[in-house]
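Take a look at these structures.
Heads up, the next two complexes both have chain A, just with different partners, chain B and then chain C.
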Partner chain A sequence: MEYLSTDKILIIDLNAAEVEEEDLDETLVKEKIGGIGMTTYLYDKYKEEDPIVIGTGLLTGTTYPASASGQITAKSPVTGKVCHCPVIYKLGVEIKYAGFDYIVVKGRSESPVYLWIHDGVADISDAADLWGKDVWEATDELRKFVGDDLLQTMLIGPAGENGSDYAQVCYNHWNSPDRFGFGKLFGSRNLKGFAFRGMGLIEVAEPEDYVERSLEILKEVKENKFLGKKGLAPILTALGEEGVDEWIDPVTHRHSADYFTPYASNTALFLDEDPGLLEESKKEEPGVLVSDLYALLGFKNSGFSAKDAGSALKACAKYGIDPFAVAKLSGKTTLEEITASFDSISGEITIPGRGIFSPWCPAGPVFNDFGLAGEDGTIAWWERRQAVSMIFGIQPMFSLMCPELTEENMLELASLGTDIELTRETLDAVVDTILG
Partner chain B sequence: MGIKINALKCTNCMACEMVCSYHRDDGFAFLSACIVAYRARERKDYFGVLLKEDDVLIVARPEGLEINKIGEEADPDKEADASAKPMLLREGCDLCEDMDDYGPMCVAFCPADAIELD
Partner chain C sequence: MKYPKIGIYAGSGTSHSWLWFVDLFEKAGFCDFVFPNEVLVRNNDIKSLDVLVVSGGDTFAVAKSLGEKGGRNIRSFVEQGGIYIGSCAGAYLPMRSSKPPLDLFNFVDVKITNLSKLFPGAEIEICKSCAAYGYDFVFHPVREAVSLKTTCFFDKDRKIRFNAPLYGGPGMKAHDPSWVLAVYEGFTPKTSFFTSRKIAEKTLMGNGAIVRVPFKKGCFYLLGPHLEHPGFKQANRFIIDAVIRETGMAYDYIDLKTDKACFPAKEKLTGKKAKELILSIRRELSNSRIVAGSLEFLPVRWLIGQKVYEPQKIRVYLEAMWKRLKSLEKNKVLILGPGLYDRITHAAGRITIELRRIKQQIDGNRDSLKTAISIFDLLHILSISFFDLYFATLSNGINQ
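Take a look at the complex of A and B:
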């Protein structure tokens, strides 16, 4: 596969401590397109070995707006379903530029390991010194060891090592959209996680046309009035929640965006520092970056101040546990009680529709109505939108905001980028396979 | 004429970095960009933009612009950023002089309108 691709699939066998590479066959791209089209195919191919499959979308890491996302596809140890967790921030892009479109992890290591993927090379590395460390400690240690603060990590914390049903795979220091207990899955394989870094080059079949169309689409996207807003609070307000701004403003520092994503949906809260500070804080841990709407809302609705909610979210990120589950199921109302409850939480989280996409994303449109009518239709629309976003690698929250990112222009750019004619019929078939 | 950066508008999305490198490489990469989103202080939520011109390195910090002449000794009170290291080896900004349809790519593609032509 020559274009929009590293042309490589990585197969890691933890039982045998062996790493193999396969070429990405263009025929597969013609049939499965990419992203969760491919990770679902790879999951099925290695199904007997219950694999964890990491992937990137066909457009991930390009100039198509919001082409930020990667994916983790695996069987949830909690629900028993094959689920797809978005990879957000800058991590999805780093996976592709580290040299692999897809990574299949089979088996279980005899002792703790992490996978160090960099510039087209993959190593299974001893994680004895990382096991037992929280997500922040482990991320910092890996960055220090490699000597690169831009190293991107996908790690578990104590929750995953201890086998919690609510253990998350975290991204860098932060919580992730994992509502499937993938952290528990990593822990059960003695897999602390991944470190990614790469400076690859992705070729494009028709670069000038691809970039020109990307800019035209971006200009259409920027016509949206909601792009004058930033952060999680306006999203919650648009979803009908009241009083979020007043609650969160006193601790809000800045908002940041995932790769090439026009809406800054990550909100940093300063907990131990002046939120109005413009200079670099001299404190090592001034706050926490929050991407999880419903975890934030859960703590708010439990009566937490925004500062205490931020502290709870930070504790969850360090422990590597789903903060939404903690807010919803712990029944605790103080920070001390929350942190003491991490290993004893029980209960069920409802996942809409078929239960294969993360309810980290709102189960419907945000800011724009997309012309939808009726709740039944909304869930079906949401599942298709999530599937399509994660086939092409589009940030799945932003795709719920922005009707200008159409299936037609995703297909058009994918065809321009690869020189493969990808049709709606192919996309429909891939979505049907994913949705079963 | 030059590039003007408003670091307070920047959302650290790296679009500038990608399109700048595209202008050099005719493919998608980050390796050749003369403008980068610096993001190594992630835990402190401290980010902005670095721009290399021919003989100066412009650091657009949230608290204001800093212009460093390349070759002069760095301010010992300010810790160097990991993103700055490879910048000094890269070509300086040419305002995308060969991109007739766009002008500077970072200006055209910035989703947050944080980069302008001055």
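Take a look at the complex of A and C:
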């Protein structure tokens, strides 16, 4: 597979401490397109070994708007279903640029390890010094060791090591969309996580046409009025929550977007520093980056101040636990009680539809109605939208906002980028397989 | 057809610009290279060469490391018919000087025009614009692209104009004006001035930029600007044309596939061991590139000898190897000289360690000069070893 791809699938056997590479066959792309189309295929291929499959979308890391996302596909230790967790921030892009489109992890290591993926090299590295460290400490230590602050990590914290049901795989220092307990899965394999860094390039079959069409689509996107908004609060307001703006405003420092995503859906809160500070903070940990709407809302509805909610989210990120599950299931109302309850969180959270996509994303459209009517239809639409986003590598929250990103133009760009004729029939077949 | 055997000096004192010569000659189809360091020059392992290239760097450091024996061997090499190509520091080296250790290399009667009794008014980057030279100062009036015009030496009917970057090389006055092959003709929009324009013009304009000095059976080529810089194709062509003319080759670029005797047979590495070596090189080059990339964001530079080194220069070495790795990977058989496997794996691993160390030193505001010296030494060692492996392997693949 020559274009939009590294042409490589990485197979890691933790039992044998061995790595091998497979070429990504173009005929497979013609059948499965990419993203969770391919991770589902790879999961089934290695099903007997209960693999963890990491992937990137076919358009990930390109000029197509919001082409930011990667995916983790694995069987959830919480639900028992094969689920798909979006990989967000800049991490999805880094996976592809680190030299692999897909990574299959099989088996269990005898001792703690992490996987250092860089420029087409995969090293199974000793994690003895990282095991027991929280997500922030481990991320900082890896960045210091490798000598690069741009290193992107996908790590578990103590929650994953201790086998908590709602242990999360965190991205860099922050919580992730993982509602499936994939952190517990990593921990059960003695896998502290991944570090990714790549300085690679992706070839595009028709580069000029690809960029031109991308920019045309971006221009259409920018005409949508929701792009005047920023951060989590407007999304929650659009979903009918009241008073979020006033509540969060005193600690809001800035908003940031995922790779090439026109809406800044992550909100940074300053907790130990004046959010209005115009210079770089002297404090080492002045705040927390929040991407989880419902965790934030959960703490708000439990009566937390925005500052305390931010502190709870920060503690969850360090411990590597799903903050939504903590807010919903702990039943605690103070920060001290919450942090003390991390190892005893249990119970169920509701996952809409077939239960294979993360309810980190709202289960319906945001800002725009996409012409939908009726709850049943909305969930079906939402599942297809999630599936399609994660096939092509589109930031799944943004795809719920932006009707200008259509299945047609995703297919068009995929064909332009790969020189492979990809049709709606193929896409329908891939989505049907994913949705079972 | 006999192909010239080219030695590109890669020993102490050279900067990264010797890698540009590797690019230049490789792109032109030459394939018979060696990369002598100071020990090999002192041992006179250069005598079988047709061309010896000494690139940019720190002239004093090069002269010191080559020493008297090195000087004697270079002289003898040219006297016996060898072609010496010196660029920037390599151009200063064989000029007359009374200052040790340069006095060991008093070969050609060419004077530099960028010498001043007074410290010139340096407007920017003082450490890069001037160096003490006895009671005088060697100063560099401009940097970046300047315009050159050839004389009638090669082509009586045609004077060619082209640009080349000047990074500290000399303006020259030759004892015999016919030795001058090109003069500085003008500045370009990219030229940065370190002195007033008037001083720069007086120092360079009309003076020699490329000088060829006949020396018994051979000759010295002295290049003020870096004609070998990869961004200057016409300047590159000038060097290739000169080598072709001097070595009596046909005026066509070489067809590599016709050459059956470029390299002598060496140890062959195949199968798992070959794959392991490539993976090991890839792993460490990647680790090193990642740290080196992050160093480029830091406000640091090192004065090593007389030469200023920025972190960006580290990646020039690493990228020179990285971009050739794919070609190397396609070969199922790797050709290595004795001890090369260990030298490559050891140096590559050490570079990663030292780069990570220097990043921590800089982050911690600690002195990093010793580590920087060690890194550039290791980069030389690894690059030389890598190119030995690369060219021997590629030549072997072609000959299969």
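Points to keep in mind about this one:
Operating definition for what follows: the second predicted complex is superposed on the first by the 436 of 436 C-alpha atoms of A that agree within 3 Å, B and C clash if a C-alpha of one lies under 4 Å from a C-alpha of the other, contacts with A are read in each partner's own complex, and residues count from 1 in each chain.
As a working rule, contacts are C-beta pairs under 8 Å (C-beta built on N, C-alpha and C of every residue); 3 or more make two chains touch, one makes a residue touch a chain.
Worth saying up front: this structure is predicted, and the values here are computed from it rather than measured.
Looking at the shared chain after the overlay, A:Gly120 reaches chain C, while chain B stays out of its contact range. Legend: residue contacts after superposition of the two complexes on their common chain; A:Met199 is shown touching both chain B and chain C. Looking at the shared chain after the overlay, A:Ala16 reaches neither chain B nor chain C. Set side by side, chain B and chain C differ in how many residues of chain A they touch, and the one touching more is B. By the document's definition of touching, neither partner reaches A:Ala128: not chain B, not chain C. In the superposition on chain A, A:Ala340 makes contact with neither chain B nor chain C. When both complexes are overlaid on chain A, the residue A:Asp148 reaches chain B and chain C alike.
Once chain A of one complex is fitted onto chain A of the other, the partner contacts of A:Lys222 are limited to chain B, with no touch recorded for chain C. Counting contacts by the rule stated earlier, residues 148-150, 199 of chain A appear in both its interface with chain B and its interface with chain C. Of all residues in chain A, only 118-121, 123, 144-151, 197, 199 touch chain C in the complex they form.
By the touch rule above, chain A contacts chain B in their complex via residues 61-63, 65, 90, 93, 97, 136, 148-150, 172-173, 199-204, 207, 211-212, 214-215, 218, 221-222, 227, 230, 253-262, 264, 268, 270, 278-281, 283-287, 289. Those residues of chain C whose C-beta lies close enough to touch chain A in the complex are 279, 282-283, 285-287, 289-291, 293-295, 355-356, 359-360.
Every residue of chain B that touches chain A in the complex is listed here, in rising order: 8, 11-15, 18-19, 22, 25-31, 39-47, 61-63, 82-83, 101-102, 108-109, 111-112.
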